[in-house]
Each structure stands twice: as C-alpha cells, then as structure tokens.
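Listed after this line are the structures, all set down as structure tokens.
First subunit A sits with subunit B, and in the next complex the same chain sits with subunit C.
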Partner chain A sequence: MKTSSTSQIRKASGYRSLVTSLLMTPILIILLAPSLIIIPMSFTKVPFLSWPPKGFSAKWYARLFDSPEWLASLWHSVEVALLSTIIAVLLGVPAGVSLALKQWPGKQFVLALIITPLVVPTIVVGIGMYKIYAWLGLFDRSGLVAAHVMIGVPLVVVTTMSAARQVNPVLLRAARSLGAGPVSTFFRVTLPIISSGVLSGAVFAFVSSWDEVVIAKFLSSPTYETAPVRMWAQITERVDPTVAAVSSILFAAALLLMISLMVVERVRR
Partner chain B sequence: MTTAVRPAARSWPVPLPDSIGIWPLLAALLVFFMLPAASIISNSVTEPENAGLSNFRAVLTDPTFAIFAINTVRTAVLVSIVCAALGYFYAYVMYRSSPGVRAILVFCALLPLCTSLLVRSFAWTVILRDTGIVNWILINTGVVSQPVGLLRTSFAVTVGMAQILLPFSIFPAYVSMARFDGTLLRASRSLGAGPVRSFLEVFFPATRVGLVAGTVLVFVLSLGYFITPVLLGGPGDQPIAVLIDAQVTSLLDWGAAGAMSAIVTFFVLLFLAIGWRAVSRIFFA
Partner chain C sequence: MKAGSSAKSIKLESVRKSYGSQTVLDDLNLHVEPGEFVSMLGPSGSGKTTVLNLIAGFDDPDAGSVLLDGRNMTGIAPEHRNIGVVFQNYSLFPHMSVAENIEFPLRMRGVSKAERREAVGSALFLVALDGFGDRKPEQLSGGQQQRVAIARAVVFNPDVLLMDEPLGALDRRLRGDLQLEIKTLHEELGITIIYVTHDQEEALSMSDRVVVFNKGRVEQEGKPREVYRRPATLFVADFLGDSLSISATASGDSVTLRELNTEVAISGHDQRGPVRLLWRSDHVSLAGAADPGDRILSMPATVETVAYAGTITRMRVKTATGDIGVIEAPEDSEFAAGDAIVLALDLDKASLLPADNDNT
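This part shows the complex of A and B:
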C-alpha cells in the first residue's frame, strides 16, 4: 500500500517534469536562439546570410577591421557608453541613496519621474532631443552622452536603491556620532556597503548605451556614428555578413561584461 | 541627550536637506529629458503657428493613423499575453527548481539582455527568412516542400518582441514568488485543499502582483517599439512609432509628430499609472 502510493507520486511527478521540460524547451530555444545564431552566421564564406552557413572564414571580421568607418563607429560606441556610464553613476548613486535612506516628501512622485525615460517611447524622446539638443548646442558626442545618461541613470538609481536598503541606519548614526561629516560618512560607510549594487547599475547603464539605436539615430551625424546606428543603416539597405560580425562583437563585449560582473560578485561574497 | 556627547562633526556650515542627493539628477532630468519631451509634445499645438487643436483633429480623423494605432495595440496585447503566460510559467519553474537549475534558468533569462535589441531583431530575420534555419528544418524534415513565408508577418513581430520583453515578465513574477511564504501552501494542503486548488486560491493570488507588474511593463514598452516591427513586420504590422518617425524624417510635419507623440505618451503614462502600485511593490519595496 505504502510503496504503491509512493510510486504513484513518483509517476505523477515524473509526468509533471516531462510536461515541464516539453514546455520549457521551446521557451528556452526562443530565448537563446537569436543570441547564439549570429555567431556561426558571421563565419560564413558566402556573401549572404542563409542557413546552414557555408564554409568557415573570418573574412567578414577582417573586412570589419579594415574598414575605418566601422572601427570609428565601434570606438564612438565605447566612448559614449563609458562617458554616459560615469555621469549616470555620479548622478544616480546620490539619488538612489537619498531615496532609500533619507526621509522627505514626494518620493513616489520623484521615483516615477526618474523612471519615465525608460518607458516613454524612444522615438518620442529621440525626436525631442534632436530638436532641443541642437538648440542647447549639444551635438554628436555631447548629445549622445547626455541622451544615454538619461536612459542609463534610472537603472543606476534602482540598483543603488535596492543595495542601500541593506545599509543599517545604526552604522550611519555611529559614524556621525564618532565625528564623521555627511560626506565622509557617505564615502567611508555607505559607499563600500552599496558598491556591488552600484557596480551592477553601472554595467546595466553601459549595456543600455552600447545597445541604444533609436535615439542615437537622431543625435548622430555622418561624422559621429555609433556602431548600432551604422548597423541599422546597413541592415535597412543591404545585408552582408559584416553585420553579423559586428553583432557578434557587440554580443561578446556585453556578455563578457555581464560575466565579469557575476564573477566579481561571487569573489566579493 | 545624544547631541551633547557628539563631538563637533566636520560638517557643512549650513545643514544640507535630506533630499540633497536627488537634486543634481532632477536638474539634469529637467533639462536633458523633460525639456525635449515637453517640446515635442508642445509642438502639437504650436506647429504650424496657432495650430490649436487642429493637429489632434487631423491625426485623430486620419484613417492611416487609425490603422497604425490598431496595429500598435494589437501587437502590444498579443505580446503582453504571450509574455504574461510564458513569463509566469518560467518564473514558476524557476521557483520550483533546485538552486543549480535555477541559476541556469536565471542565466538563460539574462543572456538575451546582453544582446542588443537591434542584433536580436536582426537575428530573427536570419532565422525566419525563406533561406533561414526554420524553413531549412521544415524542408529537410519534409514538413513542407516550399519555404513558408514567416518573415514580415505578425507572427514574426510577436515572437521577436516577446523574446525581447520576456525577461521583463519573468523577473517580477519570480520576485513575487520568492517573497511568497511557502508554509502557506503546506497549511492549505493540510487543511484539505488539493494541489490545484492550493495553487489557484493561495499561491496565485499571493504572486499576482508580480504578474501584473511584469505585464504592465511589457505592455507599456511594446507600445513604443520601433526597431523590431520595422525589421520583422509586414506593412500591416507597423506601429505608431514608425508613423512618428516618418512625420519627422520624410514629411517634416512636426505638428503631426507632436500630436501623435502626445497621444502615445499619454497612454503609456496612463497604463503605467494604473499599474504603478504593482510595479513599485515589486521594484522598490
């Protein structure tokens, strides 16, 4: 009696895990396929993208690194992403700390305001910035950096906030009562505790700038394009495997960054 | 009193307000985000001069706008339903898995976020085209003899956008499940409820907030999508974002672009406001 009921339970959970894997497999394929398919396609020998890729050749990468335009666009992407990440951290960390640890009225409203750049359609933000930034005298690099700070900073604020929630207020009061001013308390107590949250916010901000194309399309000029903007122009005109090669590089860079973030987190723990 | 024993702190001469940390960001937001957004929206009533509400009247009675608006809403609803169902299920599997499997599932859900939206949409064009991998499989397994037209369809747009937005419904759902008190399920089972009833009457109501937060995010974000519909959709799948782009880049009609932007932004903020309680409970609590 007892054994039959356990075997029934085992059978039932066996069916359940079978159904689960049957349902999960297509979801996982859909999630992963687009990221992984591009890499084999970028090593094809033929000048068009069809499956299966024919032969093995790195010539599209060679072509990429021979092209001053592609190299310049990759460099511009790095430049814009780095600068906008630094500024997003400088603006976002104090804001996140203040939202999480300090008491003042209207927090929900301010929080909603900070999040809006992430939800307002990028096309609306893009054409608005196109108009106003020209008027403010922000072009090319300065314009792109300002725009990407706006989309990166909400991510820094959110990750900083969740890290700052872990800070025990008693520590802050202790620091103050031992004679540290607010600035020194921030740098010597708060910041070391929240640094991993700040780091992940910075990585998210970097990746969001590195990827961004709709706003960048409006703010870049032929002399200052980022890699995604150049890719977009290529994709909408004619497609050759060079685009797959750039995609693979963009993917590898972002993946490397995410993995190093995970490793750093693990080492710290 | 504690203040009496505190040594003289090296402090600012004037006491700083507690909200000081927020001001630099708010100033930057005002100039570099709010001003551009407000300017494009105000174009709806200022371009051409003394336009009043004429742009809104023109846009709202324009059959082209109606078609693009329907496309936008249809895609957003489809994508939200797909993401809600798959995301909640994925999160539930994560919740029930051992820590090792869970780590793999987290990685699989995060990996797409490393790949840019543009790259992923482009990858779908490679997968779904007539000479792509799906048709290659279908032809080689003898399911079809001629390639099936998958690219430039609503199906392609839905799959492409759902793939991109799925993490936004997985993580909120998972957050709400991780906060769920597992002993409640045991209590409900011991009080005689079966597994299905326990799930429907105990687990689901407690984790619905994550489902709502994720779905609101997916819906709101998909209202503004531009890249994916352009690359994967046919003429009948193009959203308002494409129409706005055309107003600015080829028709130079800033008034119409402003009116359309105002309409889309209004609905985005409206739906975000409706779902804000759920969103803030998941992300900021």
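This part shows the complex of A and C:
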C-alpha cells in the first residue's frame, strides 16, 4: 500500500518534470539562441557575417587584438563599467539600507526619484544627458561614468533594499547595546548580512554599463568610444566578423561574472 | 566577572513617553537597587518593554529622566551605556560563530585577543556551552541560542542586565530549566537584572521584587509573596493567578455582605464604600463537619467547571452572592458541574480591595 502510493507519487512527479522540460526547452532556446549564435559566427572564414559559418578560423580574434582602436574601446568599456559600478555601490548601498531600515519623511518620493532612470526610456535619458552634460562639460569618460552611475544606482538600491529588509532590526539594537556605534554596526553587522544583495546589485550595475549603447552613443566621441558604441558604428558601415568576435568576448565576460556570482553565493551557503 | 562589584542602581523619575497620540508611559517612577533582580510584569502594551528600551537607550523619554548609578542617561547612546540586553529571540549575529558573537562586545571595547579568548571561554562555561564556540547560531537549538545571547550580554561586565522576555519563545520545560540557570547566574555575578515578562509564574519564582504594569503605570510593586498574597488591586490579583472575590461594602472596621445579610469585622484597611473581599484559590477550602469558628465565613456555592490539574483539581464556582471565582480542591475530589458545595472563607486571609469597574 505504502510502496505503491509512493511509487505513484514518484511517477506523477516524473510526468510533471517531463512536461516542464518539454515546455522549458523551446523557451530557453528562444531566449538563448540569439546570444549563442554569435559565437560560431565569430569563427567563420569568410569576411562577412554569415549563417551558417563557413569553415573555421580564429583570424577575426587575431585582427581584433591587433587593432588598437578595438582594444582601446574594450579598455574604455572596462574602465567605465568598473568606475561607475564602484560609485553606484558607494551611493546605492547607504541609500538602500536607509530606505529599507530607517523611517524618515519623503522616503517614498526619494525612492521614486532613484528608480526613475529604470523607468524612463533610455533614449529620452540619453538626449537629456546630452544637453545637460554638454552644458556641464561632462564628456567621454567622466560623462559616461556619470551617466552609468545613474543607471547603476537604482539597481544597487533595489537589490540592497530587498536584502536589508531581511535584516532583523533586533540585531542592530543588539549591536548597539554591545558597544558598537552606528558605523561599526553598519560595517560589522548590516553589511555582512546584506553582502550578497550588494554583490548582485554591483554585478547588475556592471553588466548594464558593460552593454549600454544608447546613452554611450550620445556621450562618447571618436577618441573615447566604448566597445558597444564602436560595434554599433562598425555594423552600420560594414559587416565584418570582428564585431562577432567582440560580441563573443563581451558575452563571455558577462557570463563569467554571473557564474562567479552564483559560485560565490553557493560557497557562502 | 567579579560578583557584586559592578552592580549599579537604576532609577526612573517621572518618566513620560508617547508614540503619536498614544501615551505609553505616564509619569512613571521606578527604583532598582544595585544587585537586585526585578521583574516587570504586565500584559502586552502595558509599557514594560518601553521601560526597557528607555533604560537601554534605544529611545529617550519625552519627559523625566533615567538615572544609572545616579547619572542622568538622557541623550547617551546605547553603545556608551554599558548595559547588557538579552532579547526575546534571534538576536545572535547569523554571520558570526558563537565565539565571535560572544567576543563582539569585547572587540568593540578594544580588549586584546588573548583576553578575549579567555573571557569567551569562561562565558561559555558559565552558560554550560563549552566546546560550542565554533558553531554557527543556526546550528543551535532555541535554548542554546538564548544561552549564547546571555553569555554575550554579560561577558563585558555590564552595569545592568536587561532581559526582554528572554524565554518567551521556548517551550515550557526548557523555560523552567533556563529560569533556574538565570537565577544562578544572578547569584554568581551579583549583577542588577531587570527582567520583562508576561508570565506571572516566571516573575514570582525568579525575582527579588515584582513590578506589575498596567496601562503605562505601575499598578503595584513588592516582593513576590506580597504582590501575590496581598494584591493592591483586582487587576494585580487577576494577573498574578486565580482567586475568588466577593463584593461587599466597607465602613470603618466593619464590612457588610449585603447578599448574605452579614456583617464581619476586618481591621487594618482604609477602604470605604464598595469593595471586594479576595482570597487566593489555595486559601479557599471546603467547609467540613467541624465547627468553623467565628473568623470563618461559610459560603454556599455551585460548581460550574472542574479541571484536573495534576497536583490539584481546579474548579470554577459561583457563590450565593453571585460572584464567580476559581478555587482549588484536593487532587482526588470528585466534584461535577452543578454540585452544591459550601466554601469556608478565612477572613484573616482575605485581601480587601477597592471595587474596580475598569478591569472586570
């Protein structure tokens, strides 16, 4: 009796997982194919983007690493993404903690203000920034970093807030009663507990700067281009597989970052 | 951890505190002697936890002052008060081991690593958790976690130890064990302890003094036996246990029981007008065959409910005066609902309380 019912349950859950995978597979293919298709295309032999790729060659990667313009643009992307992520974390973490754990007037308004860049169409933000940053003299690196900070901050704030909401306020009182001032309490209790939220916010901020092209197009100049901006320019002029090679590298970097985030999370637990 | 040397007094003078339009504490005065174990007892929302928060420094009073060892603490941040606090539950830092939790206050005070390790060792020994230092809080049971929280709150020799329903989340048996441990700890460390609870048994069994709170005021304070046997108000009487009380009218030394057409003499009170005569459940006995004597009031009553409680049988009865109360009968008594009985009420054991329309 007992064994037959457990085997029935097992059979039922087997069917369920079969149905789930049948449904999931096409969805996954639709989601992933456009990202993955670029990788074989980057190894083609012919001098234009084509599907299916013809032959196998790494010459587009070689060309990429021989080109000072491409290397400069990749370095600019790294630079802008790193700087804007660091600044976004420095601004977004205190804001997120305060929004989640403290009571103060105007909180909802400030939160709405911080979230705005996520909601307003990027092209609108780009045009607005183009005008204001021109007036302020913010271009190239400083302009791009400032703009990407604005995109990164809401991401960090949101992930920090959801992590900080899980912090039991009793812990903060306990820390204070044990002799830790507000600053020590933040660094020794709050921050370690919310660190995974902060980390994923930082990764999101990095990645969103890493592949941001609309605002970057407005704020960059021929002497300071990020990789996506250069790719956009190239692909409108000619269909050179170097673009596919750059895409593969950008994709691999983002993927690596996401995987290392997941590994860090697992190790922690 | 030297016994007694660091114990300090706590004094609250005319303290008021409101949150929004709600007055939580209304002109509260409280004095706790150095080394004393005082329980603050009351229903939820009576203001006892607010008192604890004001002493710990998590909040400041709207008016009045909190004095630690005679020093006004208003405006002093919690981290500068040197007061240990044990919370109801889940107050251990989840990302730190047991040992790291316990050494946290020492680290904050700049104690050297060697001294920290020694202090953590003796604190773990004190709460009988030697060898648990490397565990994470989540690997401990609820009772063990609270013992670590206690060790963490006393390891830095605080001037006062505040405990906010520390056993509230534990099951009954474990609670009993830890009550004894906390009592022992108090005797060993000689520290001033203020203990918040809504469990009257806990308050009575552990404290030197009990302070009963009701609606932001101190309803009564005194030794456990005093407040239990001689409650000042019906609220205290009800909150601290079962009893039977009957209504009467007092004038001078004579008390009239109108329903029985009886007048009895009870001296040593200053009550006038409507009063209630109250007996603790265990002071009410059933009238026997022997002559009751002139200080015993015979009171016919009807049994309403019978509840077997192991060592005794608890019965809810309705007296001939129409009052309802709870009495204790021997464990082996075989009463049933509806039985007519006669109660023997010893006038010398009665408390005379003002009739109170607020808390019925």
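Please note the rule applied: the second predicted complex is superposed on the first by the 243 of 269 C-alpha atoms of A that agree within 3 Å, B and C clash if a C-alpha of one lies under 4 Å from a C-alpha of the other, contacts with A are read in each partner's own complex, and residues count from 1 in each chain.
Please note the rule applied: contacts are C-beta pairs under 8 Å (C-beta built on N, C-alpha and C of every residue); 3 or more make two chains touch, one makes a residue touch a chain.
Quick caveat, the model's predicted, so the values are computed rather than measured.
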{"item": "First, second, both or neither for A:161, with subunit B first and subunit C second", "value": "first"}
{"item": "Touched partner set for A:180, first subunit B, second subunit C, both or neither", "value": "both"}
{"item": "A:170 touches, of subunit B and subunit C: first, second, both or neither?", "value": "second"}
{"item": "Partner chain in contact with A:189 - subunit B first, subunit C second, else both or neither", "value": "second"}
{"item": "Contact residues common to both interfaces of subunit A (with subunit B and with subunit C)", "value": "176-181, 184"}
{"item": "Subunit A - residues contacting subunit C, complex", "value": "168, 170-171, 173-181, 184, 188-189, 192-193"}
{"item": "Residue ranges of subunit C in contact with subunit A within the complex", "value": "56-58, 77-79, 81-85, 87-88, 90-91, 93-95, 104-105, 108-109, 149, 152-153, 156"}
{"item": "Subunit A partner contacts - residues on subunit B that touch it in the complex", "value": "2, 5-12, 16-22, 24-26, 28-29, 31-33, 35-41, 86, 89-90, 93, 108-120, 122-127, 129, 131-133, 136, 159, 162-163, 166, 217, 220-221, 223-227, 230-231, 241, 244-245, 248, 257, 261, 264-265, 268-269, 272, 276, 280, 283-284"}
{"item": "Interface residues, subunit A side, partner subunit B - complex", "value": "20, 23-24, 27-28, 30-35, 37-38, 41, 48-52, 90-92, 94-99, 102-104, 108, 110-114, 116-117, 119-125, 127-133, 136, 146-147, 149-150, 153, 157-158, 161, 176-182, 184, 207, 210-211, 213-214, 228, 231-232, 235-236, 239, 243-244, 247, 250-251, 254-255, 257-258"}
